[in-house]
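The structures considered in this document are given below.
Below, chain A partners chain B and then partners chain C, in two separate complexes.
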Partner chain A sequence: MQAASASALSALADPPARMVDGAAMDYLLIEAVNALRVSSAVASARAKKIEHDMVEAGLVPPPPPPPPAKQQNPRDSASSTSGKIPGPADEDEGVRSRLEAIGMHVGGNFAERLCRDRPLFSDSLDVIKFVCKDLWVSCWDKQVDNLRTNHRGVYVLQDNAFKPISRISSWEGRQEALKRAKLYVALPAGIIRGALSRIGFQGTVVPEITTLPQCTFQIKLPKNT
Partner chain B sequence: MATTSKQYKAIGEDLWKSRTDKINSELFALTYGALVVQLIQDYEDYAEVNKQLEKMGFNIGTRLIEDFLARSSLGRCSDFREVGEVVAKVGFKSFLNITPTVTHSSAPPPSSRSTGAAQQSGVPGSSFILTLDENPLAEFVELPDEALEGGLWFSNVLCGVLRGALEMVQMQVQVEFLSDVLRGDESTEIRVTLLKYLEEEVPVGDD
Partner chain C sequence: MAIFSLWVINKAGGLVYQRNFADGLAQLTSNEYLVLAGTLHGIHAITSRLSPAGSSSGAQVIEGETFKMTILLTATGTKFVLLTSLAEATADSVLQRVYEAYADAVMKNPFHTPEMPIRSEGFDTRITSLIGTGQP
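Let's look at the complex of A and B:
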C-alpha cells in the first residue's frame, strides 16, 4: 500500500491559509464605517423614540431640561450629559464602539486560530509578545516596532507604519486625515483587546495617533496577572 | 479576437498571483460576519439589512471596478455573455480568489421595445447565473432560525458590488440571490440580469 507523501498529508491536516485580496478588505472597511454611521444613527434614533414613548406614557420620569439653546459656552459642551442634541461627537462614539465590537469579535476568534498549536502562555509579558509578533504579523504583515512597559501591567506598543492607517489621506488636509484615522483605528484596537480577552486577560487598549502613519497602543492589564 | 474561457481563467490567475497585498480570508470573513451581526442589531429588520448590505456593496463596487480596470487592462466586453465570463473568471478570482461557474441564458422572446444601444447578444433581458461553490464571506457562518425566516441574504453585499461595478461601465443590471447554502439550499447562486445599457453622460458643468 502506497503511503501518501508526507507533504500531501500535512497539507490535509494543516491547510495553507486561504487568502483574499487586501484591496477588497480595505474597500469593505471604508464602506463599513459609512454603513455603521448610518446604522448607529438609526439605532440611537430608535432608542430615543422608545425613551420618548416611555416618558409620554409616564413610565419613566422626564429627563432634566436640556441646557440653554446657546451652546457656545465651552463648559457646557464638555459635560452635556442630559443634552439630547445629537452632535457629531455622539455619532462618532456610536461608530467607534461598533468598530471596537467588531474588532473584538475578529481578534478573539482569530487569536483562537493562531494559538491552536501553541503551548500555554507563561505570563503576561509572553502574551504581549504574542500580540506584538504573531498577531501583528498575521493581521498587518509586520511586527510591532517598539514595546515599552512599566512592569506594572502597562504596555505601550508602537508601530511606525501601521498598516490600516498608512493609506489614509483627506483632501481636506492633514488634520482631517488624522481625525478620520483616529476613528478607523478603533477596529485594530478592538482586535488587540479581543485577542487578549480570549486568551484570558481582560485589559483595556487605548490607541493614540500623533502623526500618521505612526500609531501607539497603550495596553493596561489587570494587576493580578 | 474572441478571448476564450480558458484565456480568461489564465488572466484571472495571473492577476491573483501578481497581487502583493493579500490577507487571510478568515480575517475577512470574521470582519464581514461581525459587521452583519451589528447591522442586524441596529436595524432589527432583515429586509432592511439586506438593503443596507446591497447599498454598501454598491459603493464598494463603484471603487472596485476602477481598481479592476487599472490592474487588468481588459478592453470593453463585446456582449453580455462576455461580461459574465470576465466577472466570474477574472473579477472574482482577482479579488476573492474564487472562480464561480457561470451559466448564461439569453433574453426571453423579444418584446416590441428596443433600446438605443442594443448589441448582438447583449439584449436587455439576458442574464447569467454565478454558482459559487465556495464563499469566503460565509466561512464559520451559521444562520439562526430568525434570520432564515426573516429572509436574510447573508452575502448580499456581493450583489451590490456587482451592480455598482457594472453600472460604472454603463450597464444597468439587476442582481439577486437565487439560493444560498447558508439557507439550507443546495448551492449558492446569484443571477445578474441586464436591464439596459446606460448612455455615457457628461457630468453637468463639465465641458
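Let's look at the complex of A and C:
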C-alpha cells in the first residue's frame, strides 16, 4: 500500500512532461503523409523527366532495359529477385525518407528539452531506457511494453498498442491496413532516430509492424559504445 | 516467463477462439485444438465433482513439467484458458483482462452469434495490445 501511494504522489509532484497534443499529432500525421506522398510523386516525376531529357540529348547512356517479364502480375511488387525496384516501392521510399527527416528534426528538439534537468547518461543502455520511458511518455502517453537487447548494440523496442497506428483500419481488410500503416510509423522512427543522434548516438531505427496495433523498432547503435 | 497461448471455450465445450503467442508449444492442426478443448471441457466438469472439501467449481490451475494451464470459469459457463510457462505469475490478471476484452469486443458486437467461433478484428486487436508476443 505504501509503495503504491508513494509512486502516485511522486507522479503528482513531478508530472512527466507531455510534449505533444495527441489529437493534433494524429491529424498532422494523416495530413502529412498524404501531402508528402503527392509532393514526392511530383518530385520523382520531375527527376524522371530530367533523366529522360538527358537520355534523349545523349548526355547519359540509356538505362539498361527492364528485365524480361517474369512478373505474372504487374502489381506484384513484393519480389525483388529481378533487381530493379518497381514503381510503388520507389515512391514510398521518397515519402518515407522525407517523413523520417521531419521526425529527426522533431526528435532532436524533443531530446534537448527532455534532457534539460537530467544528469549525464551513463551508457547506451541508459539512453535506450530514456527513449523507452521519457520519450515515449511525452510523445505517446505510455511506456514501451518490451525491451530486448543482444548487448552488442542492437535493441528491440516493442509497443503492443502503438498510438499512431492504433486507429488505422481499411475496408479492404487487415493486410491492406497493415501495408498502409507502414508509412505512418516512419515519422515516429525519425523522432527516435533524431533524439538518439542529438544525444550523440548515430544509429539506425527500423520500424516493423506484424499485427496491427503492435509495432517493434529495431535500433542499431554503432559499435564503439 | 512467457504466455504460450489463449483458448476460449463456450459452455457446450466447443473451442471458439484459439491463438498462439510465444513459441514453445507444438504446432497442431485446428482439428486437434478442437479435440483438446473438448477434452479439457470434460475433464473440468469431472474435477468439479472430485473436490474433497465440499462443492467446487472445477480445476483452476493444471501444471505440467514445462507449462501450466490457468482456467477462468465465468458465471455463464465460458472458459478462458491461458497456457503459460511455469514461472508466469500474471496469468490470473491477464485472464481477467481477457474476459473484459471479450465482454467489450465480442459480446457487444451485433454481428457475433453467441457460442460460435469468434471472428472479430476488434477482439484480436485488444488481445494483441494486452498480451503482445507473450514474451516478458
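Everything that follows uses one rule, which is that the second predicted complex is superposed on the first by the 166 of 225 C-alpha atoms of A that agree within 3 Å, B and C clash if a C-alpha of one lies under 4 Å from a C-alpha of the other, contacts with A are read in each partner's own complex, and residues count from 1 in each chain.
Everything below uses one rule, namely that contacts are C-beta pairs under 8 Å (C-beta built on N, C-alpha and C of every residue); 3 or more make two chains touch, one makes a residue touch a chain.
Model, not experiment: these values are computed from the prediction.
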Note to self: With the two structures overlaid on chain A, would chain B and chain C clash, or do they fit side by side?
What the structure shows: fit
Next item on the list: Check the residue A:214 against both partner chains and state whether it touches chain B (first), chain C (second), both, or neither.
Entry: second
Note to self: Is A:42 touching anything from chain B or chain C once the two structures are fitted on A? First, second, both or neither.
What the structure shows: first
Margin query: A:145 in the overlay: touching chain B, chain C, both, or neither? Say first, second, both or neither.
Written below: second
Note to self: With both complexes overlaid on chain A, does A:161 touch chain B (first), chain C (second), both or neither?
What the structure shows: second
Next item on the list: In the overlay, answer first, second, both or neither for which of chain B and chain C A:27 touches.
Entry: first
Next item on the list: For A:174, decide between first (touching chain B), second (touching chain C), both and neither.
Entry: second
Note to self: According to the stated criteria, A:222 is in contact with first (chain B), second (chain C), both, or neither; which is it?
What the structure shows: neither
Next item on the list: With the two complexes superposed on chain A, say which partner A:101 touches: chain B (first), chain C (second), both, or neither.
Entry: first
Notebook entry, point to check: By residue count, is chain A touched more by chain B or by chain C?
Noted result: B
Next item on the list: Quote the smallest CA-to-CA distance from chain B to chain C in the superposed model, rounded to whole Å.
Entry: 18
Check: Of all the chain A residues, which ones make contact with chain B and with chain C?
Finding: none
Notebook entry, point to check: Contact residues on chain C for chain A in the complex?
Noted result: 121, 124-125, 128-133, 135-136
Notebook entry, point to check: Which residues of chain B touch chain A in their complex?
Noted result: 16, 19, 21-28, 30-35, 37-39, 41-44, 52, 55-57, 59-60, 63-64, 67, 94-97, 136, 140, 157
Check: What residues of chain A sit close enough to touch chain C in their complex?
Finding: 145-146, 148, 158, 160-161, 166, 169, 174, 211-214
Next item on the list: Please name which positions on chain A make contact with chain B in the complex.
Entry: 17-25, 27-32, 34-36, 38-40, 42-43, 46, 98, 101-102, 105-106, 109-110, 113, 138-139, 187
